[in-house]
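Letters A, B, C, D, E and F mark the chains in the order given here, with residues in each chain numbered from 1 onward.
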Amino acid sequence: MTERILVINPNSNHGVTRAMSEALESFRFAEGPVIDCIDIAAGPPGIESQADADAVAPLVAQAVAADPADAYVVACFSDPGLYAAREATSSPVLGIAQCGMHAAMALGASFGIISILQRSIPRHLRYVASLHLSPRLAGDRAIELTVAELAQGPVVLERMAQVGRTLIDQDGADAIVMGCAGMAAYRATLEHRLGVPVIDPTQAAVVDAMRLVLTARARAGEARRSA
Amino acid sequence: MTERILVINPNSNHGVTRAMSEALESFRFAEGPVIDCIDIAAGPPGIESQADADAVAPLVAQAVAADPADAYVVACFSDPGLYAAREATSSPVLGIAQCGMHAAMALGASFGIISILQRSIPRHLRYVASLHLSPRLAGDRAIELTVAELAQGPVVLERMAQVGRTLIDQDGADAIVMGCAGMAAYRATLEHRLGVPVIDPTQAAVVDAMRLVLTARARAGEARRSA
Amino acid sequence: MTERILVINPNSNHGVTRAMSEALESFRFAEGPVIDCIDIAAGPPGIESQADADAVAPLVAQAVAADPADAYVVACFSDPGLYAAREATSSPVLGIAQCGMHAAMALGASFGIISILQRSIPRHLRYVASLHLSPRLAGDRAIELTVAELAQGPVVLERMAQVGRTLIDQDGADAIVMGCAGMAAYRATLEHRLGVPVIDPTQAAVVDAMRLVLTARARAGEARRSA
Amino acid sequence: MTERILVINPNSNHGVTRAMSEALESFRFAEGPVIDCIDIAAGPPGIESQADADAVAPLVAQAVAADPADAYVVACFSDPGLYAAREATSSPVLGIAQCGMHAAMALGASFGIISILQRSIPRHLRYVASLHLSPRLAGDRAIELTVAELAQGPVVLERMAQVGRTLIDQDGADAIVMGCAGMAAYRATLEHRLGVPVIDPTQAAVVDAMRLVLTARARAGEARRSA
Amino acid sequence: MTERILVINPNSNHGVTRAMSEALESFRFAEGPVIDCIDIAAGPPGIESQADADAVAPLVAQAVAADPADAYVVACFSDPGLYAAREATSSPVLGIAQCGMHAAMALGASFGIISILQRSIPRHLRYVASLHLSPRLAGDRAIELTVAELAQGPVVLERMAQVGRTLIDQDGADAIVMGCAGMAAYRATLEHRLGVPVIDPTQAAVVDAMRLVLTARARAGEARRSA
Amino acid sequence: MTERILVINPNSNHGVTRAMSEALESFRFAEGPVIDCIDIAAGPPGIESQADADAVAPLVAQAVAADPADAYVVACFSDPGLYAAREATSSPVLGIAQCGMHAAMALGASFGIISILQRSIPRHLRYVASLHLSPRLAGDRAIELTVAELAQGPVVLERMAQVGRTLIDQDGADAIVMGCAGMAAYRATLEHRLGVPVIDPTQAAVVDAMRLVLTARARAGEARRSA
C-alpha cells in the first residue's frame, strides 16, 4: 500500500508547482508516500492581495474534496482555505505557513519572514496573531521586486539575502522562513550566506504530512502491541 | 553518502530506547538517513524531577559532543540540555517537547499534554512559557501511575485515554501530545479512541531532523540552480 | 448632501436583512445618513461553516466594489471579506464582529459571545486572537438550536438567556455580544433579563459608520477653522 | 421623550468644553438625544500630571451623581473617575480613551496616540495595558508644545502632523487617536495630511453613547416583538 | 544617621495602622531605618470601592509631600496615589500590591489573592493587568465578610483558609497574597494551614524599602571603591 | 535564636563571593539573620555559557542539600538549579534574577538588563519569558568586555554607563538590573550617573530572604494573636 500526499498550489502558475515538486524530490522514497503537486486552474497567477487569498480559499477546499489523498498540504503562505478544507475531508490538512513557522521555531527563539510583497505583510501579521505566535516573530519584510525582477534568479537571491540580513541583524531573527511557496531553489544558498537556518515552508509541511501518513501506516502493529 | 540522525534518550533505560527506536521504524528508508537511538549510561532510570532533568542536561551536551551526527534529537519531554548541546555542535539539535507541541499545533488550535507524573507539570509549564506557547496549551494532566502500573500496557492505555478525554472535553484540547518519550506504542490506539490527533513527540522531532538532513543533501544541486 | 451607509448581509436570507434594517430604525434621522441593508443573492442561506464564510468573502468584496457608498458594514459575525473589501474601496469598511466586541469592551472588562452554532466557535476564537482580543473574551457559547427551533422566538430568547447567564456567572462576562446578525429583536429583553449590557453587533458597527460619515461631513468646516 | 448625553470635561477650561461641543454638532439631530458638555469648575485648567488625573477623578464621579443623564462621557484621555462614576449611576458611563482606541482599532491593526505632553505617556501606557490593548498600540508620542505654542493653531497642526507621520512610518500605526479632548478642529485636516484615519476620541465616545440611548429608546418595541 | 521609612495607611482606621506597625516589628533594628506608620485622618474608614480608592489617591500624594522620608510605602492593596506620590518626592515610593505580588512570584509560578470584598476584585484585576502580571495570577477570591464578622479573628481566619484552599486547589495558586493591609496577624497561621507561602504585602513593601535606604546608605563607600 | 541565610555563588571565583558578601554588609544587624556567602569549588570560574549554567545547576542543589539554612539565595543571574534546589529543602530558595527583576519592577514600568556577555542574552530572554515577564523587559544589552578589561574598574563602570544609557534612552527602561552577581560595587555610582534606579540582584534576593526568615521568627506570636 502506498499513501498519497497532495500538495495544492492554489495559484494557476505551473512553474511554481514544478519548482515545488522538484524541491520535494529528496522526500520521495521507494517505500515512502507518493507526493503529488497540483495547481488550481481557476486560481489567480499569484496570491498578491487579500482578494486573491479570499478567491482561492473555496477553490482549495473544493480541490481537497475532489481529489482523495491521505494528507493534504495547502501550499501558499497565507494558508488560504485551510480550515474549510478540514471540513471537507477526514484526512489531515496542513498549511505551509504554520508548518514553516514551526520549523523555524524548532531551531531558534524568534523567526523572520521574507515576503515577496509589502502589501502581504498585514495579512501575514493577522494570521500569525490568530495563531498566538506574534511573540516569536522577529519581523516580516518584503523583497518588493517587480515581476520582471522576480524572473531573474540572482536578483531575487541578492534581495532575499539583504532582507534576511536585516531581519537577523536589526530585528533579531534566529531563523528565517521564506514567506512564499516555490522559492526552495534559493534556500540552501541563502542559508549559507545568512548563517542561520532558512526554511522552505512547503518542505516543512510535506515532511509533517509524511509523519502523519507513515505513523498511520504503523497503526495496525501499534494497536496489536498495546492491546 | 548517508546522513545520520542521533536520537538521545537521556535516561539509562534501554527498554525506553528500544521502544523509541521501534517507533521510528517507519521513517527508515533505504535511501534515507540512518536513525540511531542511544541512551546515557550515567543518566537516571527516568526523568522524574527537576533534579533528574538538571542532572542529565550536561550529559546530553557531552553525548552530542562525543558522537558526530548530522542532526540530533534530545528525546525527553523536558528537552534537557538542548541549548548547551547547540553550543557543542554545528549540526542542528532538536528537542522532542518543542517538536511535539508544534506537530500538535499544526493540527489544532490548542493542545493538551498527557504527563506521567503530576510533579513534572510545573516544569513543563515553565518550559511552555519560555517558548511563548502558553496560549496554545489547553492543559497538562498526569496519569500518575506507580512504576508497577506503568509496566501494564492496558492500565497505561486506559489511564491515558481517561486523561486525554478530560483534556479534550474539559480543557478544550484539539490535539494531544504524549508528554514523555517511549510511549509511541500507545499512540495509534489512543488516537483512535480519543478521535483527535495524538502526537508522539519523538516521531515529530525525528521527522523534523529528516527534513534538515535531506534538504542539506539537496544543497549542492540547489546552489547550482540558483547561481 | 446625504451620505449613504451600506450594510451588507452576506447571506441570501431576506428575513435576516429585514430584521437588521428594522433594528437600525432608531439611527435613521431626517438629516442623517441613509442606511441601506442588502443581502447577497449568491450567498448561502446562513453562514454556518468555514466553507460558508470563505464562500461569501469574495462576494462581499464584489458587493462593495459594485455599490458606491460612503461607508460599508459587513454584517456577519465572522466579518467575512472585510479586508478584501477594504482593497476594493476608498470608503471605510467596518465589520460587525469587531465593532460589537469593542462596544462590549467599552462597558466592561470582559465580554461573552452568544453563538448560534458550536461549530462556529473555533472560527470566532481564531478571529478574536487575530485581533489580540483574547484576553478580553470571557467565553463563547452556542445556543445550538435546530432550524425549526430558531424560528420560534420564545425558544430562542429562553436559550439565549440561559447561555448568557452561564457566560456571566461561570465565565465572568461583564457584557454580552450577540454573535450573529439579525437577532437585535431579542437584545433589549435579553439585556433586561441578564442585567448586563447586551450588544447587537450590527447596531454597533452602523453607529461607528455614522460617526465616520458625519465627521467627514464636518470636514470642510474643520479644515477652515484649523487653517 | 428626549434622552440626554452628558459629556464631562474634567478640567475647568471653558474653551476646551466649547471646542468639544462644537465638534459634536454633527451628532445633534432634531429627533436625537440632547448632547450637553460641561466642565468642572473645581478641576485644574488641564490634566497634565498623574496628580491632576487623580484630583479630578472624584470630581467626575460627583458630577455624574449630581446631574442625571441617560449616558455619560468622561472627556479626558486618561478616563479619570470612569470606574467610580459607574458606581454612582445606573446609566452607562463611557471613557473617551477607551472609545477612541476602539474606533481606531475598527479601522486598522494598530493605532498610534498623539499626546500633548511626554509626561502623560507612562500614564497612558499603564491604562492601555490595564485594558490588555498594548499589542494593538503602535506607539504614543508627544507634541510637547509650550502653552504659548498650543494657542497657535498652525503650530499645533504642524507638530501633530510630524508626530503622526512618525507614528505611521516608524511605529507602523494604521490609524491615529488624538490623545486629548478638545482637539477635534484639527482632525479632518490631519487625516487628510496623514492619509490614515484620525480619531477624535470624544466624538467616538459620544456616538457610542448615542447608540446606547437610542437602542434603549427602541426597547419597548423590541420587547413586544420578541415576546 | 538614621533613615526613615514612612508607611501610609490611606484610610483613617487607627486599628489597621497599629496592626501594620506591629507586623513590622521584626524589621526594626537598632542600626536600621526607622519605620513609621501613619494613617490619613481625612481618608474613609476603609477602601471598599473605586470611589474610596479615588478619594484617597490625592491624599496619599499630599501625605508624601508633607512628610519627608527616605522611602514611602502606600499601604492599601489598590496602591492608590502611588504614581502621583512619585511626582511629589524624589524618594522612592512603593506600593504594597506590587511588592506583595512580587514576593509571591519569587516563591511560585502563580499566586492567588485573598480579597476582603467581591467588589474590589475588578479593581484588582485592572491593576494586575496594568502591570502585565495577569499571566501569573491564578485567581482573586473574596472572603466577603460583614463588618461584624471581620471583627472576629477566628471567623476571619477560617474564611481566609477556605478561600486560600480554593485558590490553591481549584485555581492552581502556588503562593497567596493577602489582598489587604493590616491582616498580618493571620499570615503565619494561614501559611501553616495552607502549606504554601502566604505574603503580607505591607511586610513585602517595607522590606523592599529597607533595601533601598540601606543601599543608599552604603553609597559613599561604593562610590569610593568603584572610583 | 539566629537564622541563617546562605548565598550560593555557583562559580568558583572567591573574588566574586567576597564582593557579594561586602555588598551585603548593610543588611547584617546584631539582631538580624546571619548572611553567609559561599562559592562552589567544583563550579566553573564564571557562568559564561549554557553549558556552564547547566553544569552548575546540580551543584547548586547539592550545596543546598548539604548545608542547612533558613533560606537560600542562588547568586547567578541565570538562577541555575533554583527549581531543583527547592526539591532538596523545605526552606525557601530564591533566585537573584527573579528578585532583581521584581525589585526593578517595583520602581518602574519596564526594566533593562546590563549583561556581561552577548551570548548570555538568549538564555536570559528564555528565562524572562518562562516567568511571563517579557512585557516588562525594555531590553538586555551586554558590555561585552574581555577578561582583562573586566578587571579594570573604571572601564567596567564606563561601559556599564554607556549600555545603561542606551537601555534608558533607546529601549525605554525605567530601571536597570545588573545582570550578574558580584558587581554591586558599581551600583551606586551607576545609579547616580544614569538617574534611574539600579538594582544589584543579590541585594534584592537577600532582602527578600530576610523578610522570609524574620516573619517566620515572628510566627509564634502571630499564631497566638490570631488564635
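Rule of thumb we're sticking to: a residue touches a chain if its C-beta (ideal position, glycine included) is under 8 Å from a C-beta of that chain, and two chains touch if they have at least 3 such contacts.
Small disclaimer: the values here were computed from a predicted structure and weren't measured.
Listed by label, the chains touching chain D and chain F alike are A, E.
Greatest centre-to-centre distance from chain B is found for D, with centres as Cα means. Of all residue numbers seen at the chain E-chain F contact, over half occur in both copies; the interface is built from largely matching residues. Our note on geometry: chain B versus chain C, Cα centroid distance of 44 Å, whole angstroms. If you average the CA atoms of chain A and of chain C, the two centres end up 33 Å from each other. Annotation: 52 Å between the Cα-based centres of chain B and chain D. Rounded to whole angstrom units, the spacing between the C-alpha centres of chain C and chain D is 23.
Touching two or more other chains at once are residues 122, 126, 129, 131-132, 134-135 of chain A.
Taken as a contact graph, with one node per protein chain and an edge wherever two chains touch, the assembly fits none of the named shapes, being neither a line, a ring, a star nor a complete graph. Chain pairs that touch one another: A-B, A-C, A-D, A-F, B-C, B-E, B-F, C-D, C-E, D-E, D-F, E-F.
Chain E contributes residues 49-51, 53-55, 57-58, 61, 81, 83-84, 86-88, 122-123, 126-127, 129-132, 134 to its touches with chain D in the complex.
On the side of chain D, the complex with chain A involves touching residues 109, 135, 174. Those residues of chain C lying in contact with chain B across their complex are 122, 125-126, 129, 134. Chain D makes touch with chain C in their complex at residues 23, 25-27, 29-32, 92, 94-95, 98-99, 102-103, 105-107, 131-133, 135-136, 153-154, 157, 184-189, 192, 197, 200, 203-205, 207-208, 210-211, 214-219, 222-223, 225-227.
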